[in-house]
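Labels for the chains are A, B and C, by order of writing; each one numbers its residues from 1.
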Amino acid sequence: MPRNGLRRIVLVLMAATLVLAACGSDSNDTGTTDTTAGGGKKTTVNLAFVGPLTGPNANLGINIRDGMQVAVEEANMKGGDITFAIKEFDTQGDPAQAPGQKDKYIPDESILAVVGPTFSGETRAVLPDLNEAKLVMISASATNVALPTDIPSDVFHRVIPDDGVQAAGIADYVTKKLKPKKIALVHDNTDYGKGLWEGVVKLLGDAGIDTSTQDAIDPKSQDYSVAVNKVKAAKVDMVFYGGYYNEAGRFKKQLADAGVKSTFISGDGSLDPGFVVSSGAPGGEGALLTCPCRLATPDIAGAPGDFAKKYAEIVKKEPGTYSSEGYDAANILIKGINEGNTTREKLLAYVEGLGSYEGISKTIEFEKNGNVKAGDVFVYEVKGGKITELGKTSELAAG
Amino acid sequence: MTAGAIYALIALGYTLVYGVLRLINFAHSEIFMIGIFASLFAIDGLGIDVTDSPKTGLTLALTLGAVMVVAMLTSGFLAVAIERIAYRPLRRRGAPRLAALITAIGVSLFLQELFAARYGREFLGFPRVLEKRKLFTFQGADVRSDKVLVIVAAVVLALALERFVARSRLGRGIRATAQDAETAALMGVNIDRVVMLTFFLGGVLAGAAGTLYGVFFESARYDIGFLPGIKAFTAAVLGGIGNIRGALLGGILLGLLEKWGATVLGGEWTDVFAFTVLVVVLMFRPTGLLGESLGRSRA
Amino acid sequence: MPTRARALDFRRRIAVVDPVARLWGRLPVRAKVVVGAAVLAVAIAWPPHLSRYSQAVLFFPVGVYILLALGLNIVVGSAGLLDLGYVAFFAVGAYTTAVLTTTHGWTAWEALPFAVIFAMVAGVVLGAPTLRLRGDYLAIVTLGFGEIVRIVAQNSGSLGEARGITGIAHPGSVAGAEFRLLPLPYYYLTLAAIGLAVVIIVRLGHSRVGRAWSAIREDEDAAEAMGVHTFTMKLWAFAMGSSIGGLAGWIFASKVGFINPDNFPFFFSVIILAAVVLGGMGSIPGVIAGAFAIGALPEYLRDAAAGEWLTARLNSLTGGEVRTITEYRVLLFGASLVAMMVFRPQGLLPSRRRAAELADAAPEHSLAAAPEAAVVAAATAPAAAAEPVVVEATGAAPDEVELPAAIADVAATAADVVLDLNDLTMRFGGVVALSEVSISVDRSQIFGIIGPNGAGKTTLFNCITGVFHPTSGDIVLNGRSIVGKKPHLITEAGIARTFQNIRLFPELTALENVLVGVDARHGTSVPGAVLGLPRHRREERDGRREAERLLAYVGIQGRAGDAARNLSYGDQRRLEIARAIATGPSILLLDEPAAGMNPTEKRALIRLIRQIRDSGLTVVLIEHDMGLVMNVCDRVAVLDFGQKIADGPPAEVQADERVIEAYLGVADAS
């Protein structure tokens, strides 16, 4: 009977797949060597990208990966003995998936360094192993303050200032430029969102602003009406949100729908065109978004502008949040490798002893624990559905 | 309250299917999600985009009506399709209920990922069709036009469903099958057709819920159905699963409870509060607040 | 009826098409052990040759999934309790380990027993209020609990909130093996844990506890009536399942060194449940295979070259523009779940029982319809042939058969008036089902209860056995009041019953059915079974012998190994009686035992009832067959509309005018 036959086939297929699964995929890529027509030997060196390429908030990871890509293509175009390549490890930014991925890139000898991990949570998950393997990492975006202290290591580096610096920048700007009497502060209960929020609450409270209106929202839910009502009832001058762009935009929209007209300010997690989409363009108008990073646009003079043009050529998009930082991180590593540091230990030593490096996002100097010496915090505003730069918090606060 | 009304509509679908088949239809949350997408596409199809201003009066009614009908039909037929493809073979075989549950979960995941692949994993925004005007204030809370629409629509649809199930011939068939399928079959009730109808009705309501959701929250994404689905199922159990009025009551009650819990305990404890209430209710009334009663007629 | 014919059809088909289940079922135990040992040998010897990545995958997700699936299988597969929040116990184990080793500075090994114990406590705490709920209510509540645990972790400062807990200690080295960052030692640790879990589960399966779980799964009310402490047993199932979950949590936390609430989402519970169902509920090899498949396949799909081709195909199907197969992983997972369930709902390697269950299951899981059973009897000739033999055996010589202990022990304990009902009243809302019924049953009597349909006879039985709590009145058994007690306690006190529509445990064999009854008089629980204590072994031995004696006593010893649902109708009745007697009652309540029987069977039944009474038991029976009642009963009571209208020797009652009126109505005055 055909039914029996079909069932048998399905059973056999399933069994075969299982067997294949059990036997397969054990080969590891080691560095491939190929000869060029010119007779010289070229080696391929891999840089690992670790972070979200899919899933919610994937944009932040994609931006960094694309920044790396620009750096790698530029390096390859310059020629030389070494071909650079990126190996991607998609964690979806999830600390639960991060360990699974690390067991792939740590044993892979062709990978000399990691650009990433992207999010603080996943960094926390894999840092001990990275340290054990002496695999140097330069994160373009993991901003949690406690990372280097909770897990002391040699390999941890980041090219953006931590959330303590960002919180200070926000507090500076808010107290000196915007001067609200009362501010509502809401977070999304994530490692990053709540971390930034705690910093801001403390600093603004110390400065004498009324920070008593506080709430948390569930990022998985769509309905923030309780928080919205709380904010509305408190009649505040400003609203601060700690979290990522989707929820930030939605929250902003619901505030606007409820008739709350207070100024809205949020951190780097919200700095993404997704914020505008989520807030339903008119709803997001006037929102302020900060970042310890600088969005590269073609009209900026000098290196950032060139980068933006190059990026648009190669990636066919405008650079996003942390694209510049990803570019810088990759370039530090590329430079070190080109100078002969072609093993993990040597590359780690190079990065540790970096001194000063002129990146397009900032001048990079690492502190002993891997933090970058404090950089500027930038403020952006949503105007006409677009994110436009206002300037550095230090300059805006003073002016 | 508004969220509660939406939960209630979705809960009706769960409760109908459970009452007749004793199956927790996990895929129902995706039927809801597809209702939202269908609404978005319908709005798009009508030529409305983000730059258009909101509609009013007759245009508004017609637009919303058309969109809702499209969503309802899409979800309704999709639900029937799922039943034919995934659940009926199991029913034929007398498979254990757990197998049907796993199938439901598989369908749910499949549909989510299908939409994720096709439409991406970012949120899609709705154009504003209904202007969100504050109508008046009631005990400190704003009564807004969109909130009123959602609540009124939900109640009307729920009562219409109840009327249909209680009075019509097909409705009787549903109730008979819920009580005793074998006897109903002996009495000439076409069980397969009853099951299809049940799924269709549940899907229709989920589609309507989708339109209302889209109008209210103005966003869509592949996984947007998951959380409301769980909440709606909780609401159905709270009110008494298999009980139509119970689903309505459970939905509204759950919405209010969540609100209250979030206000008093803080937003992060909402779900804990809601589930704890559920456990406590079930401890004292094991079949939910209004009991299981799809089979019993209203006195 | 089309459904039945199709069901039989499927049974034949499944028997042919399910080679795996049949083959496995037919293998002698020794062969199974050899296969198991071979698999174990491969599991031990092969991993060191794999890449580090494969080893890591074997630890997590594969190994951990297998361990968790085994634990969940106890809850879902053995006891039949639908748990949608199993991840909670995994989380409790992991967080306990994390907190103890970080905040309190314990070593990982020191934290281990506490991780398991806390998880077990969590299981009991979750189970106690919720196990009274049936089926799908339990599902949603357990789902809620899973979420509650995760949210509490997310909101609690002491548990690290969203940040989680870092710096969890790795286990100290043991026997030269170091547990640091390499996955291989953890894999072996997990393998050991899996081995332990398997041993525990096998031992429990072959014990009073396992039988109780099977009974609860098949028919909870009947189990309760046979003296099974259903609530306690269900709680044990939860406790055993949750402690295995906690063990897995300990291993996981101590390897990864960092946990946060995102490690424990609802989806994780779904995956483990899918593994159990996909593999074959209740079957250990099945569950292991299912968990292995669910853990390994997605990881494999991440890398496989086949992925590219597949991605392209899927892209054209869905209209998407996905770059890697990884993004289609969950879609394929969902699709394969559906495909598996539609094509093979019994799972990959089902227990033979479940495959059979599926083959001839009608939508209602009961043995009810007598005609159906008769068809089964007709279709399977051997059963029919056995009938006359059975009748002979009963008629032969009770003295030749060794008397079951249940019977032998009775005579000493019964009082003169075994059962006394005083003014028993039962009201359901406005309906009065029983109105001040008073009946007295003496020792070694055969007492009949008759009356028109709806008179309240079965309600009376239900009141006596504790299914209903009487509105008022008293029930005294052997001088002690038992009114208001739980059914299993009443059974322990000495009342046993059979049911109007036969409620055997359909998939258990005849012997196992009776064993459930015998178990009521034993006391081994989980610790005894798991540790294989002498008392457990003794009780198993004695129990088996007693059950065989009971089967012989009612005359169906030849059917000991057959599933109850395959027995002929008459044999099923006998089996139900044997099971009831097994609980060691002083009084046996038979609810319409002769229903659906032909005259030959009825004669055999009469002989059996007399034999039972002669052995010292008291019998109360509800019957409609007047001939039988008059023939066998010493005394008869008549109920009509809930009231007793006559009470006396059969001849007297037969002539009573009120009784005639109740049955036949008043004669026309003409």
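The definition used in the following text is that a residue touches a chain if its C-beta (ideal position, glycine included) is under 8 Å from a C-beta of that chain, and two chains touch if they have at least 3 such contacts.
All of these numbers come straight from a predicted model, not from anything done at the bench.
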Top chain pair, ranked by how many C-beta pairs fall in contact: B-C
Chain whose average C-alpha position is farthest from chain B's own: A
CA centroid of chain A to CA centroid of chain B, Å: 37
Distance between the centres, which are taken as Cα means, of chain C and chain A, whole angstrom: 52
Multi-partner residues of chain B (each touching 2 or more other chains): 268, 271
Chain A residues counted as touching two or more neighbouring chains: 54, 189
Residues of chain C whose C-beta touches two or more other chains: 154-155, 327, 340
Residues on chain C engaged by chain B in the complex (per definition of touch): 6-7, 10, 76, 82, 129-130, 132-137, 139-141, 143-145, 147-148, 151-152, 154-155, 266, 270, 273-274, 277-278, 281, 314-315, 318-320, 322, 327-328, 330-331, 333-338, 340-342, 345-346, 354, 357-358, 361-364
Sites on chain A touched by chain B in the complex: 54-56, 58-59, 189, 215-218, 220-227, 229-230, 233, 246, 250, 253, 257-259, 274, 277-278, 280-281
Touching residues on chain A, where the partner in the complex is chain C: 1, 3-4, 6-8, 10-11, 14, 17-18, 20-22, 24-28, 54, 90, 94-96, 99-100, 103-104, 106-107, 121, 124-125, 128-129, 132, 144, 146, 150-151, 189-191, 193-195
Chain B residues touching chain A - in the complex, by the definition given at the top: 2-3, 50, 121-123, 125-126, 128, 132, 134, 140-142, 144, 217-219, 224, 226-228, 259, 262-263, 266-268, 270-271
Footprint of chain C on chain B - complex, ascending: 18, 22, 24, 86, 89-103, 105-114, 116-118, 181-182, 230, 233-234, 237, 241, 268-269, 271-272, 274-276, 278-279, 282-283, 286-287
